[in-house]
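Remarks on the structure that follows.
Letters are used for the chains, namely A, B, C, D and E, taken in the order the chains are written, and counting of residues starts over at 1 for each.
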Amino acid sequence: AEEVTLQLKWVTQGQFAGYYVAKDKGFYEEAGLDVTIKPGGPDIAPPQVIAGGGADVIIDWMPSALASREKGVPLVNIAQIFKSSGMMLTCRKDSGITSPADFKGRTLGVWFFGNEYPFLSWMSKLGLPTEGGADGVTVLKQGFNVDPILQKQADCVSTMTYNEYWQIIDAGLAPEDLLVFKYEDQGVATLEDGLYVLEENLKDEAFVSKMAKFVAASVRGWEYAAANPDEAAEIVLENDATGAQTEKHQQRMVREINKLVAGSDKGIGFLDPADYQRTVDVLLGNASTPVITKAPEGAWSHAVWNISQGQ
Amino acid sequence: MQNVAVKAEPAAANRSAGNSVVETEQLSLTFQTADGPVYALSNVNLTIEQGEFVSFIGPSGCGKTTLMRVIADLEQPTQGRITVNGVTPRDARLNRAYGYVFQAPALYPWRQVDRNVTLPLEIMGLSKDEQAQRAAQYLELVNLKGFEKKFPWQLSGGMQQRVSIARALSFEPDLLLMDEPFGALDEITRDHLNEQLLRLWEKTQKTVVFVTHSIPEAVFLSSKIVVMSPRPGRIIDVIDCNLPPDRTLDARETPEFLEIAHRVREGLRAGHSYDD
Amino acid sequence: MTLRINSLAVFLLLAALSVVIDSQLGGFTWFSGVSATVALSIASLCALWCLWNGRGGAQAAGVAVAGLLAGAFVPLAAIAAAAEGQTGFELGVGLWLYLFALAFVAWRAMALLSDLRGASPQASTVFALLVPALFGFWLLYLWQVLVEGFGVPRVLLPSPSAIGEVMGGSTGTMWADFYQTFIKSVIPGYLMGCGAGLLVAVLVDRVPFLQRGLLPLGNFVSAIPIVGIAPVMVMWFGFDWQSKAAVVVIMTFFPMLVNTIAGLAASGRMERDLMRSYAASYFETLLLLRLPSALPFIFNALKINSTLALIGAIVAEFFGTPIVGMGFRISTEVGRMNVDLVWATIAIAALSGSLFYGGLAMLERSLTFWHPSYRRRGG
Amino acid sequence: MSGKTGPVAVMLLVIVLIWYAGAVYLNAPRLIDGYERNDTEWTFGQLTDDAWAMERPILPAPHQVLVEMNDTILGKKITSKRSLVYHSWVTISSTLLGFAMGTALGMLLAIGIVHVKALDKSLMPWVIASQTIPILAIAPMIIVVLGAIGLTGLVPKSIISMYLCFFPVTIGMVKGLRSPDPLQLDLMRTYSSSASQVFWKLRWPSSVPFLFASLKVAIAISLVGAIVGELPTGAQAGIGARLLVGSYYGQTIQIWSALVTASILAGLLVALVGVAEKFVLRHMGVIHAGGAR
Amino acid sequence: MQNVAVKAEPAAANRSAGNSVVETEQLSLTFQTADGPVYALSNVNLTIEQGEFVSFIGPSGCGKTTLMRVIADLEQPTQGRITVNGVTPRDARLNRAYGYVFQAPALYPWRQVDRNVTLPLEIMGLSKDEQAQRAAQYLELVNLKGFEKKFPWQLSGGMQQRVSIARALSFEPDLLLMDEPFGALDEITRDHLNEQLLRLWEKTQKTVVFVTHSIPEAVFLSSKIVVMSPRPGRIIDVIDCNLPPDRTLDARETPEFLEIAHRVREGLRAGHSYDD
């Protein structure tokens, strides 16, 4: 069988259910692939891993992937799994915030490590400097969890629809106590989990066909997960080597993820050039702290996806 | 020091009554070691009166140091009783009743010579001036002027020992415990210090307990010589020396002196194992 | 003696061999450029001179260093001259053999330098600094050549020259980071942690009950890893420097405690008896005997802690910070593929940590000069 | 031994009491906040009860941690991924390997530094500099690089442990190897003994007390290194992975039970070194000497 | 040991030619200390022939130990020349030419008494049996049978010193450097060891360099006595002693003995600062 190593963006969880399902259900095997899934973590940068030869294909968010491309890691999107963005900024109602206009002078929790680009673009659009002060916002580097909002150290924190938001709820705050700003609604949504490979590898036909098989099998996995969310969650739990995940949380996560994956009229995995263009526009719109300085070229390819459709 | 001052009257009374400074009764001490017990002292009965100069003499390893350490409350006897100044050695120690010159110099390497000498003075809270004056005085006495600012490891063996003597004398305790203080000194220096010590003793009426291996030294200095047997240390002879109080080194040629020396030597030899 | 002479002979032999190999194999002849040829000749001449004349002394050391510098230039020139995309063993097996040979020159130069004695104390200090400087230069040089020669991706490991560039280019950010981490978190945390360790050690030593009760538990508490403590401290003390200082306190406490307790037990038997004979109070014995003789141990802890403190503060910043600080920079810039900035920050950390340590070592030398490890007889 | 149990028990009790009080103090603001939002009446008694029974407390109460540990240590098969025994073993194995490698490296460096002047002068500053590099920063790179040359699993984690724990060994050993009295060294000189004889007969025995003090620090650090090493390997297994994932999902009880387990492990390891120390020192006869007099 | 064996022939030749073991010429040594130089030795000219027993005697701190250390290559002279066995002290040391008894016992606290004695034997590669036999023999000689398994800190001061003597004798070097070896011993033990050492010297024709503060000991043992002046150490007198070779301790009563002793004492006194 052909070997494929996939580097995840984060630890084993429902966010990556499709790949685990494909592996567990033998979809990869059927496609003649032997897939190794490497979980990520807080200080694993998938672009670095692929540049170092530790993976054939990685999952990354597009802003980070495009920024890496400018920094000399020529990543190319071969399939876009998530159609829509799950990012939001979640605020406490009792902080008095009612709209983005109230952010001035507030403290906001943000993830860094390449995940801050959408936030910076948004703030730039709002005209808010991120260096603190009365006219700007004070930014905290948010850690692993949502404690800052629970402890009122921050007025708002970054959350994903499928994960951190529910942690706030689990910690005892009710949805009524919270106000959420979805990036999708604010018009600053950027593309999230997609599959990326190194540009030079795409010149190799064998590699392209291998990736096509991989994408096709992964998409099968995602379709299965969409149909059987609870079973998918179960599979994720089985693959979690730490044994620390809980069933309730993962089932909920898979359901939320399915919402983000769905919605592409050409089927799961198709990168809509319009979505791509929107992401690039958002990123280029950020004048103060540029994520990318010019519109990238050759940052995506339908070559793999097209072949995968034939499988 | 201060304690002693307070007790001045009873002390005077003691002296006239010939009250004892050290008194032991059936004192024994056994060290437990990995390969069996070592019997260091066995049934030692000894009385040392106020103002006496008592020398211990005995073969190497017989228990002289151990006996001194018991008096100083640095070692606990396994049997028998002992009092120092009428109280337990512990209380005596807490009253700062004695000064001790160890067999090895035991100087602190991070202190210069003069600050080694002032160490006990600092502890007893003397003023800086007093400390400096005493250090100068006693370093002069042991002929170490000019070496005040050296570190111990920059001195010869004999010089280190003299620093340790100066340190013990500096706080002028009423009871002096001296364990082979002059062992590493040449004859001339030794004679000089012998005389100095004798003068000091006569002048201040201190009680001195002294360990030496030199029979002439013991006879010259002491008012009483305690001869000990080899392990387990027992007292085999107690010899009174009554040489004239204002004696000089020449006294070592007198017949009485030689007679006492002879008796000590005989006592030593009697207990000694080489004669087997 | 024999070893020294050999090391240069080994260099000449291997260097010759490396040239022969690559001219025979007929690949990239890395030694053929004009500047490379000149540098190679200079290096060989220096080595030969040292072989014949260089028993030791400043002159021999100078020539050896000059030879090393000339010899080190060769691979750099070769790599610069290589065709685009030519990396690794395509550059010639001999090139790497030559680099290995050069290590012998470096070793010889260091050995010669470390035998030098300055005429004045100042000169001696300069010489004492030259050796580690040369060693550091050699490490950086190897790094540069290997990274460039093997074409290691910049996002994986940037070359020292790239790191240097970034350092020069972003001094403002780096100073702000340094101030936040070192001045605000490390120093207060270090002082509090070491102070507390010392005090508790004395307390534990004084109160046997604590010694028996607290010390075994201390072992357990000590072992809580920072990665576990840091998030908790952020939870308790907030995002700013206070939580980092708290982590530093916890990290530095145990080494100080253990070392001080060991140090307090290190004074000799007779020295302690002497204090007993003075009926010195516990406090006097502590101050006059036991703390001085514990000093070497205490410094041991101070030195270990100086590095732990910096690591602790930096790692604690991985778990939530305001957006400034060395740990923040290191933990986030990797994700943005600014690996050179990360290494620049690491370099600053290493530099400030080393200086901190060096200062302590100097203080130690002046306070524990009497310890046998510093005492040379006749000195 | 029996002389210790009493004091330890008392101290433990004190700590537990402080812990309970701390749990109330730290958890209360969120609870009170909740009460106020829901307009519930509350009493102090209710507050403490709630504070000790929260699902995601800031500081869990000791019994919550104990229950969790009981579940995950005794309540699961030790081969199960949910068993803390399994995770502890994963961590311990890389700790021990790292400790062994670190000790060996530390000793070798110390021996080199003490015996070779050029090494003393050139290496020491860099050994120190190496420790000022925050390991968590380069750990991912180490993992990536080693992964690229095919080393995965135990070894990369152990290398990180080794990197952390060789340092105290080197420092302590250098100090210890240089601790003999000048006179003791002179004695060896008079025998014109070789460097290795001086080493084995003098330097090594006098460094043993220093070595053990360092080893105790080193083994605790080595555990920290193993845990740190588990983070960038994608949190596959081990106590570090439990900590990380626990943090990520805000499961404080799980974090604390991993923390407590880690510290118990470390305490046991340190105690083990302590036992070895007692044994060796007694065997060498220096245990009563109170210094080399 | 082995080196010496190889050189057996030239050594024998040396002896007959009265070749010198130690030869110094204008030897000076100055210690640099924080508060100025200490002049320890000044222009020392000395020749020690093969088979001689030479004693150094002089006031405390005059430089005796320093001179011994220079011979043993433990200290570098700042001026002048010295050869040992015709080569530099360094080469002599590398040839294991001598055994040294330090002024302090310098025992290794982690080794039991017998293993302290076998230390040099281990280094010189003797067989285990030979080591055990030698340790037993020399511990017996210094009268420490029964203490083989004790640790140094379980011994009295004198016993420690005897262990260190046994250690130096055990490997039977041709040149013995002894720095106040018997300083901490009682008279009887000391006499015993004096006789033993004399026998050993006569039997083996070793060269012995000896520091002592006891004039009778020096006269009794030596074939040559070197009297040194106080700092800076200079040689002020070299006295030949030609007491009969098979002398016993009784020789100390003979007139020749007393005369030599007198001369030594005068020499010492002449240089001594107490006479100012």
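Please note the rule applied: a contact is a pair of C-beta atoms (placed from the backbone, for glycine too) under 8 Å apart; a residue touches a chain by one contact, two chains touch by 3 or more.
As the structure is a prediction and not an experimental result, all values here were calculated from the model.
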Practice item. In contact with subunit B and with subunit D at once: which chains are those? Just list them. Key: C, E
Study note, to complete from the structure: Maximum distance between Cα centroids and subunit C occurs for chain B
Review point. If you take the mean of the Cα atoms for each chain, which one ends up farthest from subunit E?
Key: A
Practice item. For the Cα fit of subunit B against subunit E, please give the angle of the superposing rotation, nearest 5 degrees. Key: 180
Exercise for review: Report, in whole Å, the distance between the mean C-alpha point of subunit A and the mean C-alpha point of subunit C.
Suggested key: 39
Review point. How far is the middle of subunit A from the middle of subunit D, if each middle is the mean of its Cα atoms, in Å?
Key: 35
Check your understanding: Any idea how many Å lie between the Cα centroids of subunit C and subunit D?
Key -> 22
Review point. Subunit A to subunit E: how many Å between their CA centres?
Key: 85
Practice item. For subunit E, jot down the residues that touch at least 2 other chains. Key: 31, 74, 104, 153
Practice item. Find every residue in subunit A that makes contact with two or more other chains and list them. Key: 42-43, 45, 48, 52, 143-145, 147, 151
Review point. What are the residues of subunit D that contact at least two other chains?
Key: 58, 136, 140-141, 144-145, 181-182, 186, 231, 244, 247, 285, 289, 292-293
Practice item. Show which residues of subunit D lie in contact with subunit C when the two form their complex. Key: 3-4, 6-12, 15, 26, 58, 117-118, 120-126, 128-138, 140-141, 144-145, 167-168, 171-172, 175, 178-182, 186, 209, 213, 216-217, 220, 223-224, 227-228, 231, 240, 243-244, 247, 255, 258-259, 262-267, 269-271, 289-293
Practice item. Under the touch definition given earlier, write down the residues of subunit A that touch subunit C in their complex. Key: 42-43, 45, 47-48, 51-52, 64, 67-68, 71-73, 112-116, 130, 138-145, 147-148, 151, 153
Revision key, fill the gap. Listed in rising order, subunit D residues that touch subunit E in their complex are 181, 183-184, 186-193, 197, 201-202, 205-206, 208, 284-286, 288-289, 292-293
Check your understanding: In their complex, what parts of subunit B are in touch with subunit C?
Key -> 69, 72-74, 93-96, 98-100, 102, 104, 106, 108-110, 119-120, 122-124, 151, 153, 171
Point to revise | Contacting residues of subunit C [partner subunit D, same complex] | key: 107, 110-111, 113-115, 128, 131-132, 134-136, 139, 156-157, 209-210, 212-214, 216-217, 219-229, 231-232, 235-236, 254-255, 258-259, 262, 265-272, 293, 296-297, 300, 303-304, 307, 310-311, 314-315, 318-319, 327, 330-331, 334, 342, 346, 349-354, 357-358, 371-373, 375-377
